[in-house]
Structures are given as structure tokens and as C-alpha cells.
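Dropping the structures in below, format is C-alpha cells.
Next come two complexes, and both contain subunit A; in the first it sits with subunit B, in the second with subunit C.
Then we have the complex of A and B:
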């Protein structure tokens, strides 16, 4: 058990170090996210009207598009350089490697998302850095990053994988998107119906993490 | 004379062998049973839906589209359940024949999902006044259509005998199937407009005339048979594709110096 945690931690530290050394990949995802918030502001004219009804949707679509593309790269370099086969030789369960990947993606994405919340707070003059909202963002991100990390093992042999990944991931993520948008709206004081959206987010995060961890070994088995 | 340890035992036949022998015998009957039975049931459905079933008072002749719409919806759930089971069996046994079954059933499921959406839109335009609306059932059916189209897309970007892609697609199909209850729950909380089910309401009588009910049951039987037949056909086509591909690979290996 302790050995598993140490192995997962080693993967997390290795990936974070690589992320830091190769900042260009994650920086371009972050710039993409920032630019899409600006594009939404021009498209929906978020400056003049009350932004609260539209803001949750704008934020979550941005998180999802940038997050799915960014975390979809997590096995790209590994499979290009053949280091993933070496990782699999380690005497731990592949699920441990999977959790390491998920946690490192989660940390990098949360940094990006909090920066985006800060940017949106400044742009739209609406306080977005609240404990409730950050909690919703964390749970929602766990929900989608566990699925996209699993789906990013899709072999590099597959043609057009960069296009295919969002096509595969987004339909599975619809419940998470609906729940996250409604929960975010509720925390901004928008009417969001009586359904327990945060509970649905938690259920989705647990479901995707457990399902992906169980299925991961059969995807990567050689 | 042979040492006791070297005696050739007759292969042991457990209950599992008996079961697979029985299944093989049932499967061998497919061409004798499925086409004639499906043909008769489809004829009965067409005659029933167009002639026998009474004209509905409010919706008129248009209501007859229900006799194809509701059975198609049942058919895609059956097909996607088969994809789910075949994907689990592929991961468990590593037998590529289950990949052929999963692909065959997914193709047929996507076909019937499309048919359900199309017949629903044709009915919805005059009755609801719109082709499409973001109702819970419509939305979840559309999401299923997208998930399984994605499955077919992912599976078709690679060689039919590529086991790694087959396993990846199987994992995607399993996740997609397990996602269905969450999708249905979330979009139901999101909104609901679709007519409530009026056929199976526990022990109550269905809220429609007996003739309509019988015709609808005939339609369900006919479409389910048609689904099974299509899945068998698609599966065998996928099997042939796999064998052609491995023959081609074998020829390439032999011709290479």
C-alpha cells in the first residue's frame, strides 16, 4: 500500500517536472483557454448585460475544451519516446501509474483553471474565487480528467487522434457538464432548479475515477 | 503399458462445455430460424400497424408511427446491451470474435438509434410543432447516438485485427454503457417533455385499446428479431473481414524475403 502510494507519487513528481521543463505545451493550453474566454465575450457581448446567466456555461466550456486537449497529451510523449513500456515494467499495478497520471494532470489543470477564474473575476467584475466555486471546480475537474486521462492512452497508431479524443470524451462528459454549470450557477445566485447538482458532480467524479482505474490495466496491457 | 500419470484421459466435460455446446447448436440454427420468423413478424407488424390498429382520435393516422418508433427504441437498448456484454467478454477472454460481435451490435444499435430519432422528429413536427426539442429522452438518445458513433469511429481508424485498439474500444463501450443511467438522470433533472410510458405500468392495464397494444407487442417482437438477425449478419461480416485481413498479412509475411 505504502509502496503503491510512493510509486504513484514518483509518477506525479516525474510528470510535474516534465510539465515544468516543457512549459510550452501547457502554456498553449492556458493561452487557448484565456483566448476562448475573450472570444466568448465578443460573441455574446458579455460586457454590457448581466453576465451571471451566461458565465457558468462560458467557464465550463472553456475548462472542458482546454482540459480535454491538454490532458489528452499525457500519454503522447510517453508513447512517442517509448518510455511508457518502461513504466509498465515497474513492479506495481498499472492502476497506480494511472492514478499518478491523473493527479499530475489534475494539479496542472487546477492551476490553469484558478488562473482563469481570476481572469474572469477581473474581466466580468464578478467574484469567482470563492470556496464553494473552487470546490465545484475541483470536483468537476476530477470527474473529467479521470476519463480523459484514460482515453488519452488511445494508441498513437490511431489516425487523427487529436480530433477523435474530444469526440469520444465529450458525450460521456455531458452529465458532468450539466451538473457543473448548474452548480456554478447556483453558487452565483442564479436559479438552477431543485436537483442536487453538487451530489451529481460527486457521483460522476467517483464513477469516472473508479471505472477508469479498473479498466486502465486492460487498455495498456501489451 | 503406461505409467499412471501418462494415461490419456478423455477430455473432461463440465457443465460449461455442455452449455457452450448447447449455445453452438442454437447458433447453428440461425439461418433456418431468424429470416423466416423475422419475415413473418415484420409482415404481421406492417399489416397490424396500417390496417388492424384503430385510428387514434387526436393524432389521427400519424399515431401509427408509434408502432415503429417504440420498438426501435427497445432495439437499440438491446443492441447496446449486447455491445456491453461482448466488450466485457473481449476483455475477459481476449478472443477477437467478441470484438466482431461488439462492432456488429454497435452498428445495428446506431442504425436503430438513428431510426428512433428520425421517426420521433417526423412525429414531433405536427404534434409538438417542432422537429427537435431538448426533452430528457430525446437528449439522452442523442447522446447515446454520439457515444456509439464515436465507438465505431475509434474502432474503424485502425486495423480490424488490432487487439490494442479493440481493447481500447471495448473499454470505451463499457464506460459508455455504464454512463447511461447517469446521463438519463442528469438530463431528466435538466428537463422533461416526452410522453410518459403508457405500456408497462406495473400491474395496471395499458392506457390504450387492446388492438393497439397487441399490434405494438407484435412490432416489438418483429423489430427485436430483425435486430438479432442484423447483428448476426454484421458480426459474420466483421469475422470475414478479420479473416481476410489475417490472410493478407500471412501472404505479406510469406512474400517478404
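Then we have the complex of A and C:
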């Protein structure tokens, strides 16, 4: 158990270090996200209308596509350098490796999302850094990253991997996106309340994480 | 456990791998004793890399059975993988990390207790200590191979599976390979190679593959009746030292 935790931590720290050293992919995703939010802020009439009902869609569409651009990076690098095989040779369960990958992707994506929430707060003149909203973003991102990490592993050995991830991920993420958008809307003042949607989001995140962790050993088998 | 089982480090029984119905490795049966050094020979496409891939647990066999260090391959024990070191075609290194970071990462992944001391020892041995803080990407192919060699033995394995280990190495590095691996006492080595001129310097026997099947084997021990009774025992053949 201690060995597994240590191995997962080693993967997390190594991936974060690699993400920092080779920032190109994540910078592309962050640039895309920042430009998207900027364009949305110009598209909406901030002076005369309440933009809060539109913000959940703006945020999650931006998170989704920025995440798709960024989250394939880790496995793509491992595949190109042949290091994924070296990971699989290690005396730890593939699920431990999967957990390490999920945590490192989660941290990197959350940093980008929090920065995006700050930018959106300024551009839309609406307070988006609230405990409730940050919690919804964290839960939604856990579900999202759990699934996309598994799918990017599946696609890492294929030549058409850049196309495969969005094609596979987007339909599977629809339930999570609906729950995330509705929970975000409720936290921004919609009358329905965020609790039921947040609960659905939690269920999706747990289902994604557990299902993907169980499937991962089969996915990496040759 | 019989004396015979203790002495056999790598044992395969009718090990077969098929891709889309085509047999790449066909019913390979070998029995390599502990501490033996065996050259795996064969032309390109003979199945050497696939056979090594199955023994490293990266490729799942279609049929047959194998035991490494007394563990059944099919069980894929973490304890078994801890005893195997692998040096493949690709050096399997993170180019954005430094040699020290690469080695420290793999040492941690394998649960090496004296991590810092072991990394320093190996980096000095392979001649990379002075370049330990430079990214691997700026090092030459020869240095990649030296570092890959250090990575393969960082966890002090009992069995080493090598795929053309001399590729990209200069004379000094080949001597290092001999010292650390190919001629190291006690270490069981199975190495695919095309360097026929060097086999006599390190190999005690050869296994020759042709179209996936063994056509010559001077390395294996004959099967003894007592050894077959041990087939279901999941215990390791010998303890790590």
C-alpha cells in the first residue's frame, strides 16, 4: 500500500515536472481558453443584459475544449518516447499508474480553470470565484479527467489519436456536461438550486473514476 | 521446491504469440539456468523482440506458459517484475528530464530504498555524473543507451532481458555493458543480438529463432521430472539479495 502511494506520487511529480518543462501543449490550451472567454465577453451585451444565465455554457464549453487539447499531451509524450512501456514494467498495478496520471492532469487542468474563472470574473463583471462554484468545477473536472485520461491511453498508440479523443470523449461526457452546466447555473442564481445537479455530477465523477480505473489494466494490455 | 526449480531462472513452455491468426512466436520452450548468459539470435522478424516482450510481461502470450524467477508469467506478479530488468530498442527515457531525475524517478517507482546513493553510484559508473543536471534531450544516442542501462539495473534485478543492447554504444560503453550486465556474476541474461562477433565474449549458450520457432538451443537445461511438479507453485525461485 505504501509502495503504491509512493509510486503514484512519483508519477504525479514526474508528470507535473514534465508539464512545466514542456509547456507548449498546455499553453496552447490556455491560450485557446483565454481567447474564447474574451470573444464571448465581446459577443454579449454586458451593459444592458444579465449575462449570468449564459456563463455556465461559456465556462464549460471552454473548459471542455481546452481540456481536450491539453489532456492528450501526457500519454502522447509517453507513447512517443517509449516510456509508457517502462511504466508498465514497474512492479505496481496499472491502476496505480492511472491514478497518478489522473491526479497530475487534474492539478494542471484545475490551475488553468481557476485562472480562467478569474479572467471571466473580470471580463463579465460577475463574481465567479465562490466556494460553491469552485467545488462544482473540481467535481466536474475529476469526472472529466478520469474519462479523458483513459481515452487518451486508448488512443496513444494510434496515428489518429488527436482526432480520436474528442470523438470518443464528447458523447460520453454529455451527461456530465449537462449536470455541470445546470449546477453552475444554479450556483449563479438560478432558482432550481444546485444540490440535485451537484449530486448527479458527483455520481458521474465517481462512476467515471471507478470505471476507468477498472478498465485501465485491460486497455494497456497488448 | 526442488533443486531443479531453484536453478531455472527463465522457463517457457510452448510459448506462442499470434497476431491476426499469424504466429509470430511459435511454441518456444526454453529453460535457462540462474546466472546463465544466453544470446538470442535470429534474422530480422524471427520473433526475438516479441519473445522478449512476452517475458517482460508487456505482451500477453496467445498460448503456452512461462516462469521467470519462479513466478508464473500469467500471474504477472509485481514481485516478478521487480526481479526483471529490461533494456529495449528504445531507451525509454524522459527527454525533458535530466539523467538524475530519470533515474531517481524509476528508482522510486521500483521502491529502491537507498535511492540517492544508488543513483549516484550508477551515474558515476556509466559516466554521466558530471552531466547529471543536463536534459536527456541534449545528450548523444550513446549516452542515452548508457543511461538506459543504468535505468535497467537501478532496482538490482536478478534477470535481465536485453534487446540489441550494443546498439549505439562506443567501445568504452560496450566494455561497461560487459562489466555491469553481460559478464556480471549471478545475473541471468537473455539478450537478443546481431553482434555474432561478440557472443563468444559473454554468452554461455545461444537460442536461435527462425520464423518464430526455436531451431537451435545450446543454452537450455533438459527438463527433469521433478521440475514439472513445481509448475503450479507461485513462490519465487530464490530470494533477492
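For this structure, a couple of remarks:
Following the convention adopted for this analysis, the second predicted complex is superposed on the first by the 205 of 222 C-alpha atoms of A that agree within 3 Å, B and C clash if a C-alpha of one lies under 4 Å from a C-alpha of the other, contacts with A are read in each partner's own complex, and residues count from 1 in each chain.
We adopt the following convention: a contact is a pair of C-beta atoms (placed from the backbone, for glycine too) under 8 Å apart; a residue touches a chain by one contact, two chains touch by 3 or more.
Note that the structure is predicted; figures quoted are calculated from it, not measured.
In the superposition on chain A, contact of A:17 is made with subunit C only, not with subunit B.
Legend: residue contacts after superposition of the two complexes on their common chain; A:203 is shown touching subunit B, with no touch to subunit C.
A count of residues in subunit A touched by subunit B and by subunit C gives the higher number to B.
By the touch criterion defined above, A:57 lies against neither subunit B nor subunit C after alignment on the C-alpha atoms of chain A. Using the contact criterion defined above for the overlaid structures, shared-chain residue A:87 touches subunit C, although it does not reach subunit B.
Of the two partner chains, both subunit B and subunit C are touched by A:221. After overlaying the two complexes on the shared chain, residue contacts for A:25 are found with neither subunit B nor subunit C.
When both complexes are overlaid on chain A, the residue A:193 reaches subunit B alone and has no touch with subunit C. The interface of subunit A with subunit B overlaps its interface with subunit C at residues 221-222.
Across the complex, subunit B is touched by residues 147, 150-151, 153-155, 157-160, 164, 167-168, 171-172, 174-175, 178-179, 193, 195, 197, 200, 203-204, 207, 211-212, 215, 218-219, 221-222 of subunit A. Across the complex, subunit C meets subunit A through its residues 53, 56-60, 78-82, 84, 86, 88, 90-97, 101, 105-106, 108-111, 135, 151.
On the side of subunit A, the complex with subunit C involves touching residues 3, 6-7, 10-11, 14, 17-18, 21-22, 81-83, 85-93, 221-222. Looking at the complex, you find that subunit B touches subunit A at residues 91, 143, 146-147, 150-151, 153-154, 157-158, 162, 164-165, 167-168, 170-172, 174-176, 178-179, 182-183, 185-187, 189-190.
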